[in-house]
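Following this line, the structures themselves.
Look for subunit A in each of the two complexes below; its partner is subunit B in the first and subunit C in the second.
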Partner chain A sequence: MNITQILFWFLSVVALFSALMVITNKNPVYSVLWLIVTFFAISGHYILLNAQFLAIVNIIVYAGAIMVLFLFVIMLMNLNKETEPQKNRWLRMAGAVAGGCLLLVLVAALKDTDIKQQQAMVNGGSIGLIKNLGKELFTTYVVPFEISSILFLSAMVGAVVIGKKE
Partner chain B sequence: MIYFLQTNINTTDASSYLPVALQVAFAVGLVIFLTVVTHLLGPKRKTSDKLQNFASGIESHGDARQPMAIKYFLTAILFVLFDVEVIFFYPYAVNFKGLGWDGFWAVLMFVGFFLCGFTYILKKGALKWED
Partner chain C sequence: MNALIISALLGVVMMFSSFLLKDRSTVRSMAIAGLLLLLVVNVLEMNGVEFFNINTRDMIVFDRFALLFNTIAFLSTLLYLLLSAKEMAKVGVYFADYLALIFFILCGVILVSSFKSLLILFLGIEIISIPLYILTGSDKRNLKSNEAALKYFLLGTFSTGLMLMGIALIYGAQGSFYSVDISKIAGETPSALLIAGMLLLFFSMSFKVSAAPFHFWTPDVYDGAPTVFTSFMATIVKAAVFVAFIRLFDEAFGLLHLQWQLLVAVITALTLFIGNITAVFQQSVKRMLAYSSIAQAGFMMLSLYAMNADAKEGLMLYVAAYSFATIGIFAVLIKMSDYTFEGFNGFAKHQPLLAATTTIFLLSLAGIPLTAGFLSKFYMLKAALGTGKHLWLVIVAVLMAAVSVYYYFRVIQAMYFKEGEGQPMEVSKPFKWTLVVLAALIILLGIFPNILLSWLYF
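Presenting the complex of A and B:
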């Protein structure tokens, strides 16, 4: 086992364990903290695949900014012990069935794709580097890039309309 | 180890992240080490005054589980949007010379859309703190 494989297994174990801790923790603030650990492990995987830009963006945007939003959402909700809604058993069962269906669909979709014949390039490959990524983004995919700014514009308008009381 | 640090100047390789990984490991390790050491070495005199929650010097009252104003969330979500905008500048800055005027117009249009949104935010007074 070389060092790349050791790192891969270590990061996978960390990612799966912290993801499990996210959904099993009773305290929502602890869930958010474990989610940050998950993001760092996934960033480690990106670096192993030599997708350096994606790894840094994952830390800056997801672990840095989106997690703050998650914490704010938790703080916005009234999480007193008395007002905590009691979930009954049927609701939990329905949730398990719905999640199982999603898992089934994902597994079935991945089974039919040809993704498993392609091997991921580990520790090499240059498409994930910021220079090549920028070249592709601003020449081949310049129209989706512009459309994404319209998406941001609509997000701004939506946030202001919903969040600002008249 | 020193050999690895000095020879890996090729930044197109994932192994060039070894110094970064060492730095992260050192930072996390230092925090854990210091936290454990202060708990082991520090004296503990638990009085009711000392065990109170620290509320910046004022008398603590109630608990922390109180819903806060939506203004904070609105500011934070607008921050995230502009944060993502800046992320798109990194690949442009690296390719600034190579892309020429085409890339410049593309980024100018991108920023123009954001400026439209920014003027909308300012006109609506979404960042105004006092109601």
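Presenting the complex of A and C:
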């Protein structure tokens, strides 16, 4: 077992454990904190896959900005025991069965697939550096890149429409 | 490509006009002129005139199918704006911004009708969805509108998440976003990863077109949203997503047709059944139209099930017939203050012209001969019969079409055979004439469907 494998297993265990803690914790603030741990573990995975830029963006945007927003919202909502909605037992069972079915299908699908080796370069390679990413983004994917500007523009117009006082 | 760039620019222009122009009627005429321009450049592109030469690396390809659909979508939007743009101003103060959002949605419509790469499909669906969430919640003082927007947003983003997961799995299996590459390797033995991805995509697209059992959001959202925007959502947007659905499953998963055909048949039957049976029990015409849109989605699903030449022609005709008729009914409904069936009592006495055109729209939706609705349903059933399998599906479809006659005729009965005071309505001359044009279009398509369909080939 070399260092990459040890790191991989360590990060996987951390990611899975913290993800489980997110959904089992009763206190939403703890959930958010555990979610940050999950994001860090996943960023670690990105680095192992030579996607350095993605890893940094994941930490800055998700673990940083978005999680702070989450915390703010949760604190502003002032959640406590009384406001928690009572869930029907049957509804919970139905949710567990439906989610379990999805898990079963995905596990069955992922169990015996041959991972295409050439797609994930593990050792060496500078694929994930900003230079290469930018080159790809502005040559191969320049049309979708430009089109996504329409998406952001419409989202901004929408934010103004929803947010501004009448 | 013409229409894509120009509609994006028009969106920006409308955005700026929201604070540069104070006069609403100028903004409205600008939007209508813009749509006319869009229609013209799109028709020009069909005849081989392209203003922009952009190398999209085959991610977006404007073939005849896409261009014809775009023409139908622009024409419907034009008629929609002519009929209902004034009502938009009553929803809130951001009249020009609503129009800007509608132009952005049209960008998404163009993208999803012409994508060759899943990346563009995803972008298109998002560009359609995000402005729609906002338009749904644009009536800010109305609690129902807020509730509808939140519901739509939460469920819509969830289904987009499913779609992304599906695209990721497909990329993992095939190593490409292009539908050509996805179909190429799928011919041999499809890997389980590909199938799982395909199913996730299928579920998320079914959600977007509100096929049962993914339809639960539809009645609440359509009912809660301001009626002007419900009209847009239920017609042009739904039709566009259907075209994307057909395109995706034809081009990317066409070789796996036999694997997913039964699944589509079951979902189609379920959609037809739930949509039609629930529509029977509605008391509000707006909610009835929401369920009727689910039922009509069931008929459009038949083209996905059959996936042959008839199905594609039929879908084009269906999209046109359904959009025109539904836009017309909603345009009349917006003018009313009482949305229940009783509100239509005695309508024919007070507004004879409006009642007559509404009757034509309802007959077309029900699929009565001489209207476009009849021929489009006929094409769908013919396509489904053409597969030579699952005859029960065709029988279910015919039975459900018969059920649909009941709730559409309830409105006609209320209009003509019941006494009522009628509601005070402001109806202008141009409004009446546009409705007449719309009704004439429906009858014209019902007699000569080839004036539309021949565009697919020549």
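Methods note: the second predicted complex is superposed on the first by the 138 of 166 C-alpha atoms of A that agree within 3 Å, B and C clash if a C-alpha of one lies under 4 Å from a C-alpha of the other, contacts with A are read in each partner's own complex, and residues count from 1 in each chain.
Here is the rule we use: a residue touches a chain if its C-beta (ideal position, glycine included) is under 8 Å from a C-beta of that chain, and two chains touch if they have at least 3 such contacts.
For clarity, every value in this text was computed on a predicted model and none was experimentally measured.
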### Task
Considering only the touch criterion stated at the top, classify A:101 as touching first (subunit B), second (subunit C), both, or neither.
neither
### Query
Which of the two partners, first being subunit B and second being subunit C, lies in contact with A:110: first, second, both, or neither?
second
### Message
Contact-wise, after the overlay, does A:93 reach subunit B, subunit C, both or neither (first, second, both, neither)?
### Response
neither
### Task
Go through the superposed model and pick first if A:160 touches only subunit B, second if only subunit C, both, or neither.
both
### Message
Applying the document's definition of touch, where does A:138 land relative to subunit B and subunit C: first, second, both, or neither?
### Response
first
### Task
Could you say whether A:48 touches subunit B, subunit C, both of them, or neither, answering first, second, both or neither?
first
### Query
Thinking of the overlay built on chain A, is A:150 touched by subunit B (first), by subunit C (second), by both, or by neither?
both
#### Entry: Contact breadth on subunit A, by residue count: subunit C or subunit B
B
### Summary
Note: overlapping subunit A surface for subunit B and subunit C spans 150, 153, 155, 157, 160, 164
### Of subunit A, residues touching subunit B in the complex
47-50, 52-53, 57, 60-61, 64-66, 68-69, 72-73, 75-80, 122-124, 126, 129-131, 133-135, 137-139, 142, 145-146, 149-150, 152-153, 155-157, 159-160, 163-164
### Task
Over in the complex, which subunit C residues touch subunit A? Could you list them?
8, 11-12, 15, 54, 56-57, 59-60, 92-94, 97-98, 100-101, 104-105, 107-108, 111, 117, 119-120, 123, 126-127, 130-131, 133-134, 137-138, 140, 169, 172-173, 175, 191-193, 195-196, 199
### Message
Using the touch definition from the top, list the residues of subunit A that touch subunit C in their complex.
### Response
105-106, 108-116, 119, 140-141, 143-144, 147-148, 150-151, 153-155, 157-158, 160-162, 164, 166
### Query
Touching subunit A in the complex: which residues of subunit B?
12-15, 17, 65-68, 70-74, 76-81, 83-85, 87-88, 90-92, 94-95, 98-99, 102-103, 106-107, 109-110, 113-114, 116-118, 120-121, 124-126
